[in-house]
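Notes for the one structure printed next.
Just so it is clear, A, B and C label the chains in written order, and each chain counts residues from 1 on its own.
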Amino acid sequence: MNMARQNWSNTFAAHAALITYTLIALFPVFVILINSFKTRKAIFREPLALPGADSFSTIGYETVLKQGDFFLYFQNSLIVTVVSLFLVLLFGAMAAFALAEYRFKGNMLMGLYLALGIMIPIRIGTVAILQLMVASGLVNTLTALILVYTAQGLPLAVFILSEFMKQVSDDLKDAGRIDGLSEYRIFFVLVLPLVRPAMATVAVFNMIPIWNDLWFPLILAPAEETKTLTLGSQVFIGQFVTDWNAVLSALSMAILPVLVLYVIFSRQLIRGITSGAVK
Amino acid sequence: MGSLRLKNIHKSFGSVDVIKDVSLEVSDGEFIIFVGPSGCGKSTLLRIVAGLEDATSGTIEIDDKVVNAIPPSQRGIAMVFQSYALYPHLTVRDNMSLGLKQAKRPADEIRESVDMASNMLSLNEYLDRRPSELSGGQRQRVAIGRAIVRQPELFLFDEPLSNLDAALRVNTRLEIARLHRELNATMIYVTHDQTEAMTLADRIVVLHDGRVEQVGSPMELYNKPDNKFVAGFIGSPQMNFIDATEFGRKDAKTIGIRPEHITVSRESGDLKGNVSHIEHLGADTNLFLDCGSAGLISVRLQGEQDFEIGSSVYAIFDADRTYRFDENGQTIVNV
Amino acid sequence: MPDPIDKRPPRRWHIAVFLAPAVLVYSAIMIFPLFATLNLSLYTADGQNQVFAGLDNFRTLFGDPRWSESFWNAFKNNAWFFLIHMLVQNPLGVILAAILSHPALRFSAFYRTAIFIPTILSFVIVGFAWKLILSPVWGIAPDMLGAIGLKSLYAPWLGKEAYALTTLSLISVWQFVGIPMMLIYAALLSIPDEVLEAAECDGITGISAFWKIKLPLILPSIGIISILTFVANFNAFDLIYAAQGALAGPDFSTDILGTLLYRTFFGFQLQLGDPNMGSTIATAMFGIILIGVCIYLFGVQTRLRRYQF
């Protein structure tokens, strides 16, 4: 160990602080998960105990699966998130390329116009968005949500991606032009693969807010068949508020898919956030 | 005061040994240069002296005091980094005075030191600028100034010139030589550039694979290399190495001869070869001879010389300037 | 082959093709509704027809005590919500990042991953989970306080007017502290090692290295985090709605602009929904966010230097 630089008491204090905060961060999730597998009595008698042989019960999950259509909600959330992310990345990358690559009249203005939405939340326009969706018959469709999330994600995507596209070597693109590639092929074949790390960052930034949003599903698509997982669990819990087994199980079922995905992708996610997209 | 003694320094990162049993004595006021190819451990050795790395074993003494467990700021050293490592948020003056402020020195003493250093380096007009408003050469001088202000026993330089362009490098080299004379301080300087090493050093330490290959004055290394590695590393173009059997000699494995110690003749000589390439440098001409099984031999001739590519010539070796190496690469000394 | 006489450059249609999808979706779903909403705040409904009313709606919002009281209540609560985030979330994020970025620290990847977990959970989960934990019915919170001898401190925080908003703000801090932590962590990692080593040679280590070297260098990141926090806080809605419902109880003590907008627009219980007043509140929120962003862009950001290393 580094004698001249290391300080044991500091190291100890650092770990103590981090462990304390980690416990605070994980405790609520832990409590919800363990109690969802217990009988009603055990939940109240010993809330902090792990489920044992006599306290184990899946009654809550049975209620949830009987009463709520959680698989449908999950599927809706998945469709909305995946399609929105795809559109944000595709449209965002195309616009970012146009802004980063070509000099044309109004380039600056177009960049500023698209950047407006970074700071102004789309929720401000909710009243007119609802009217628009009513007029076009898109209320209570997943399309409405996908359109809104695409519009919401585009400004930051264009901003981040154009910064990265400016770093792609001009020589590479010019070599492609001399080889006779069209501008479209230069974009899809040469540039897109090089900005993949930035695309991952953009995807990460958009994924969590889309998946977790409650506002737009509540306003634009509250029908039973278009409920997202977030809205579905909110409504379910509201109805079964006195059935603690059901509430805890519903919460666990909302936590688990996200937690599993997070554990699998946490490394990419954290690398995306720390990759310096927001300098 | 500023002597340094390294005793049996050993350093490993995990299972990789980067410094293997290095011992060295540096006396007060000496200019010592660590030189070697990249990855030889020269920067690590410097960082061990600074206290930024710990030695795995061995002791470091500065002024006869063991400093292994003393933090960098109390070792009486100052370091100039390759990337300058200036504090980007501070002005030139604050960059130079931060260390003294931290040591709670009186304000007028700090101002005096900074003014002294900035005079010495002609930085007076830049004192209120930030590093981002300076050119590369100016930043380099600020980095050196920051070291001078601390009035250290020992100056440590980690490849300080490698981020400068060629012209600036020569100027800064002269400046560092002047500073060494004026400050009369001990300096330890790491570089991979043998020209810097030859021009600046009192003594050069040649490192290779974490070991000291040879320590000596520049001319000692040039004239009396201990082994094939040092012989090849010092001097440009590189020394020619020819298998001794080419000359039917049994008293060595390899024969070495520097390009500048070879002349050529069209009639006769030690080795016959075809001219494969010529480099005209103005003052010198480098000639490359394809000598068949003896390999490619480089020859450095004075002045402008012309040869036809493909023509055959003889190389004549200066017999007093040939070196013999055994199968381990060690120099065989003539008795 | 291009006609040699025709000196005009060819029309570059591909630029339009690249821009069109993003510009169309963004304009139609974001910019147009934004201005339509601002416009709608200038009308009132007269039966089926929209009648231009000038600034009448704003007069009602700020002048009619029934409206102005709820608006200023929501605004005040929102400001407190933001203040708690600035005072707790961001300093906590900086401290955690500073500890995590220490190069010799082991298990830092584990800590980062764990501390970020609440951020990935939805407001619904967070709201209900804390509601259950703090509930006097279940008794986890009083029992835990009891275990360290502080049971007397317990109160049903979410049910008390005096504590509910602060409690919810702290829950939101708990959820989102991972974001400033990550951004500051990234900023700290981008400081070159040699600069910190130079500081070490100057005797600046530990806490003083943080104050004198690291903090000045991450100030721009702290500025960005502050404005992101501001924008997010002033259009927050989900957590309050999930934990306290649209009425933002008890007795509107946790009402913020987002929940007020929701109730006004959709109506709740006896109150009918009113798109025009909803738009008026949305316009007021727009103004508040715009003022905040302008203060940041022209007042703060220009003074924060960014450093190239």
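Throughout what follows, a contact is a pair of C-beta atoms (placed from the backbone, for glycine too) under 8 Å apart; a residue touches a chain by one contact, two chains touch by 3 or more.
Because the structure is a prediction, the values reported are computed rather than measured.
> Taking mean CA positions as centres, which chain lies farthest from chain A?
The chain farthest from chain A, judged by C-alpha centres, is B.
> So which one's got more C-beta contacts, B-C or A-C?
A-C
> Where the CA atoms of chain A average out and where those of chain B average out, how many Å apart are those spots?
That pair's centroid distance is 54 Å.
> Centre to centre, by mean C-alpha position, how many angstrom separate chain B and chain C?
Roughly 55 Å separates the two chain centres.
> Indicate the whole-number Å distance between the mean C-alpha point of chain A and the mean C-alpha point of chain C.
Their C-alpha centroids are separated by 16 Å.
> Please list all residues of chain B that touch 2 or more other chains.
In chain B, residues 52, 71-72 touch at least two other chains, as defined above.
> At least two partner chains per residue is the criterion; list those residues in chain A.
Correct list: 2, 5.
> Which residue numbers or ranges of chain C touch two or more of the other chains?
Each of 200, 205 in chain C touches at least two other chains.
> Where on chain A is chain C touching in the complex?
Touch residues, chain A against chain C: 2, 5-7, 10-11, 14-15, 17-18, 21-22, 24-26, 28-29, 31-32, 43-44, 47-48, 87, 90-92, 94-95, 97-99, 102, 104, 110, 113-114, 116-117, 119-129, 131-132, 147-148, 150-152, 154-155, 158, 182-184, 187, 208, 211-215, 218-219, 229-230, 233-234, 237, 244, 247-248, 251, 254-255, 258-259, 262, 266-267, 269-270, 273-276, 278-279.
> In the complex of these two chains, what residues of chain B are touching chain C?
50, 52, 71-74, 77-79, 81-89, 98-99, 102-103, 130, 132, 146, 150
> Once bound in the complex, which stretches of chain C touch chain B?
Touching chain B: residues 192, 194-195, 197-205, 208, 212-213, 216-217, 305, 307-309 of chain C.
> If we count contacts the way the header does, which residues on chain C are in touch with chain A in the complex?
So the residues of chain C in touch with chain A come to 12, 14-15, 17-19, 21-23, 25-26, 28-34, 36-37, 40, 95-96, 99-100, 102, 104-105, 107, 109, 111-126, 128-130, 132-133, 138-140, 143, 174, 179, 182-183, 185-187, 189-190, 200, 205-206, 220-221, 224, 227, 231, 235, 237-238, 241-242, 258, 261-262, 265-266, 275, 278-279, 282-283, 285-286, 289-290, 293, 306.
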